[in-house]
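Here the structure comes first, spelled out in structure tokens, and everything after it is commentary.
Chain lettering (A, B and C) follows the sequence in which the chains are written, and residue indices restart at 1 in each chain.
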Amino acid sequence: MPNVRKLAGRGGLYALLGSFAFFGAFPFYWMVIATFKTDHDLFSPLNNPFLFNEPPTLDHLKLLIFDTHFLQYLLNTLWVGLAVVVITLVVAVPAAYSLARWARGWGEMLGIGIFLTYLVPPTILFIPLSRFTSFMGLQESLWSLILVYPTFTIPFCTWLLMGFFKTIPKDIEEQAMIDGLSRFGAMSKVVLPLSISGILTVVVFAFTLSMHEFIYALTFISVSMKKTVSIGVPTELVRGDVFQWGSLMAGALIASLPVAVVYTFFLDRFVAGFTMGAVK
Amino acid sequence: MGCVEIRALSKRFGEVRAVDHVDLATNEGEFLVLLGPSGCGKTTLLRMIAGIEEPTAGELVIDGRVVTHLPPRMRNIAMVFQSYALYPHMTVYKNIAFPLRARGVKKEAVRKKVEWAAGMFKIGRLLDRKPRELSGGERQRVALARAMVREPSVFLLDEPLSNLDALLRTSAREELRQFQRRMGVTTIYVTHDQVEAMGLGDRIVVMNQGKIRQIGTPMEIYQWPADTFVATFVGSPPMNLLDQGDTLLGFRPETFLPADAVEGSEGVVTYPFEVTYLEYLGAERLVYGNVGEKSHARHVVSRLPGSLILPMEAGKTYPFAVASRDLRRFDKKSGLCREGGPS
Amino acid sequence: MRGPSVSNPAADGARGGILDREGALAKLMIAPAILYIVAMIGVPFVLAVLYSLSDATTGDPSIKLVGLRNFAAALADPVFRLSLWNTVFFTLASQCIVVLLSRLLATALLKTFRGKWLVRFLIMLPWTAPISLGTIGWLWMLDSIFSPIDWVLRYVGLLGVPGALLGAGTNLYYLGIPGLAISSIILVDVWRILPLATVIQLAGLSSIPKDLLEAAEVDGASPWRRTLMITIPLTLPITSIAFLFGVVFTFTDLVVVYVLTRGGPVHTTQVLSSWTFFKGIEGGDLAQGAAISLFMFPVLAAVAILILRMARRTEVV
């Protein structure tokens, strides 16, 4: 009875996918609910947590926006993110191009070496780096983050771009040189315009990786006003010993979703970088 | 204008000698073909002339100027790659205009030249399209137009016809030759296809393993190959080679005919030819067989013109012959030809 | 027939400049990256080693070498030993689960179905959202009083009534009881890495040339045999890479432990990263902190080498 089997197969597939989707997304679904539930509803253990037993409220959002530094956190995160993107682009693009095109043999090795520095964890480096930032007078400043975050964006993005530049045929650059440009001119006027999607990928990753970062931010910054959203939300939305759950969830939600949406679009490229070109 | 002199040019990649002490000089306005199998160094040589490959040793002179280490943009050459290397994000117009814009030519002058070049290759109606919208033949013309728009002194081509399908290739070949004659630009053309080389070239440079084996007109190359490599590379089927002690005796399949059909005022050499296999190809017949005693029989091929209707069968032996003037002798050890060139 | 003439700047005797020279330009373009990495990763790493061999604290951060004292002290410290064990255990447990689940999920995602983009988006959320914020969501789910999970368990009678399977108490203290706390950490670790592993495995599975599987089908191989003898061997390198990256991220993770339990209750969920933080940064003992963190290094180096080997072993056809 092939149809029943097929149906059962399909059903099984949907069940499986549904469970995984549920597992992955449930905490976020929860954030949505908690954002709009009144405290009274939220903190009554007998109330059904999945339904709105009392009408939804915007109080938590109001608290978040007007009574906390949340907007400041967002601004800080934005500022750090953009600065890190710029630094990463300026350093990684030429490096990746150089490695992709002009280094026979040792280029590949160096590229892999650079990528592997991505694996050196912040928890080994944060002690010396915290001394370093205080030595530079950058403690409690967003500049400490801007200075340190490229330690993970540059290695990863250089590797990513290397793979990307390799897909542009050499012919085109050589043709441009014969047509009258210098090597550098060929790169900037012909190759870069063709690399827009690769560069866009780097922008997205550098920004999202900065936004996600927790450890360095926690270590270098303790002044509330200077916090990024990643550490600000978990550490600041506390009154005494009590979490402001509603606002906490609201903050987490607002800061997570837009990034997640954009990141999802670029996920394939991310994986290409991770599999180190193992999967073409 | 358009004189390229190559003096002892070499290129090494580690241990490998891709181009080994090549000496060559072009004649003005000629269509010079670099011919050879894959890996013989012809493309590397072309790239060195273009300036996208640095020579390890030797000198390159274009129009009296030493250009050996100059970047490509300073050599006044144009090149067409096998892939045509059209800029995918630019329209045909911008592609053709690119070399001019790169040199800072003003917009009005650019437009005039682009229209002139496009007209020459009859692609005027394609100027607003992007490369991905064009057929193979159209792309090739755009590449040629872009190359010619600057009126270079030397024109380099790297197997530009190999991406076209067979039918298109022959007509493109004809057009290319006519165009080159009209423009009178010295052209250096790389190919591995010997039919193409023979059809296009004023002179052919046969290369193997980084060295030049022979330079000559198609007829010189074909009739008087300098060594066994040229003899067997040019011509399909290749020249027959028979062992004769320390000499190799060579003769082309079309000179190996039934004894009655051979006319040799200077003498004729006969061989009993035992046929093993026949191929009927319409305009000609290829007859494969053996010559010589059973113990050291040698495989030879005969090419019978379609007009020769003599019936032949596998398994039988027929008296075949070659005119003495069609025989070539090669030294067995070095492979070099023993006698001189055409009389 | 020649067109309007154009001047040729190459006719003057100029030579190429630096923008033409391949060698010099290549080195120039890669220099900033190398300099930055050496300065901000290489040098701090060396410093970390020096700190671990010193007696520096935030009060007196000067480096005076005192030998392997800190390492010995760490090994003698039961909390350290516990965190070392936890790190290894949490990592292996969570990643083994992840490898299996991600393979299952990746196989499912190979198929076409409606709403794929939505499913993908939801499945990817744990990785695409900032880790600290996603973990905050779990903080509530695992709360000792208000956990929705407990609510459901109570609702179906598995909890909260005498004789219930999970006990009569109203709540399971997911983050308060050592066993449950450990399970919770492992759960969140799995939750976080699953998307990444899935996408990597998916890439691997889709790269198997269809011909191979079709040829095997024609040869009469059953789906199981095809999976065992073709799919699994061919995707082994990619699966290993997915596993190894998961290991790296979980092994060095601070966020999940910090946000959920701060290493409690009573250090039972302490891991190397969090212990380093508490000792070295919050506690001010730079030397000890550095020493503790360096215990991670051998494992990371080994993993890096394995990743390289796997990446080299990849292509098939």
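Here is the rule we go by: a residue touches a chain if its C-beta (ideal position, glycine included) is under 8 Å from a C-beta of that chain, and two chains touch if they have at least 3 such contacts.
Remember, predicted model here, so these are calculated numbers, not experimental data.
The pair of chains sharing the greatest count of C-beta contacts is A-C.
Ranked by how far their CA centres sit from the centre of chain C, the chains are topped by B.
Rounded to a whole number, the gap between the C-alpha centres of chain A and chain B is 56 angstrom. For this pair, chain A with chain C, the centres built from the Cα atoms lie 14 Å apart.
Across the assembly, chain B contributes residues 71, 73, 103, 150 that each touch 2 or more other chains.
Shared interface positions of chain C, defined as residues touching 2 or more other chains, are 16, 20, 22. Residue positions of chain A touching 2 or more other chains, listed in rising order: 182-183, 185.
Against chain C, the residues of chain A that register as touching in their complex are 13-14, 16-17, 20-28, 30-31, 34, 42-43, 45, 48-50, 90-92, 94-95, 97-99, 101-103, 110, 112, 114, 116-117, 119-132, 147-148, 150-151, 154-155, 158, 182-185, 208, 211-212, 214-215, 218-219, 229-231, 233-234, 243, 245, 248-249, 251-252, 255-257, 259-261, 263-264, 267-268, 270-272, 274-280.
Interface residues of chain B, counted against chain A in their complex, comprise 50-52, 71-73, 77-79, 81-83, 85, 87-89, 98-99, 102-103, 146, 150. Of all residues in chain A, those touching chain B in their complex are 169, 171-172, 174-183, 185, 190, 193-194. Chain C makes touch with chain A in their complex at residues 16-17, 19-23, 25-30, 32-34, 36-37, 40-41, 43-45, 47-48, 51, 61, 101, 104-105, 108-109, 111, 113, 119-141, 145-146, 148, 151, 170, 191, 194-196, 199-200, 202-204, 207, 237-238, 241, 245, 248, 252, 254-255, 258-259, 272-273, 276-277, 280-281, 286, 289-290, 293-294, 296-297, 300, 303-304, 307-308, 310-311, 314-315.
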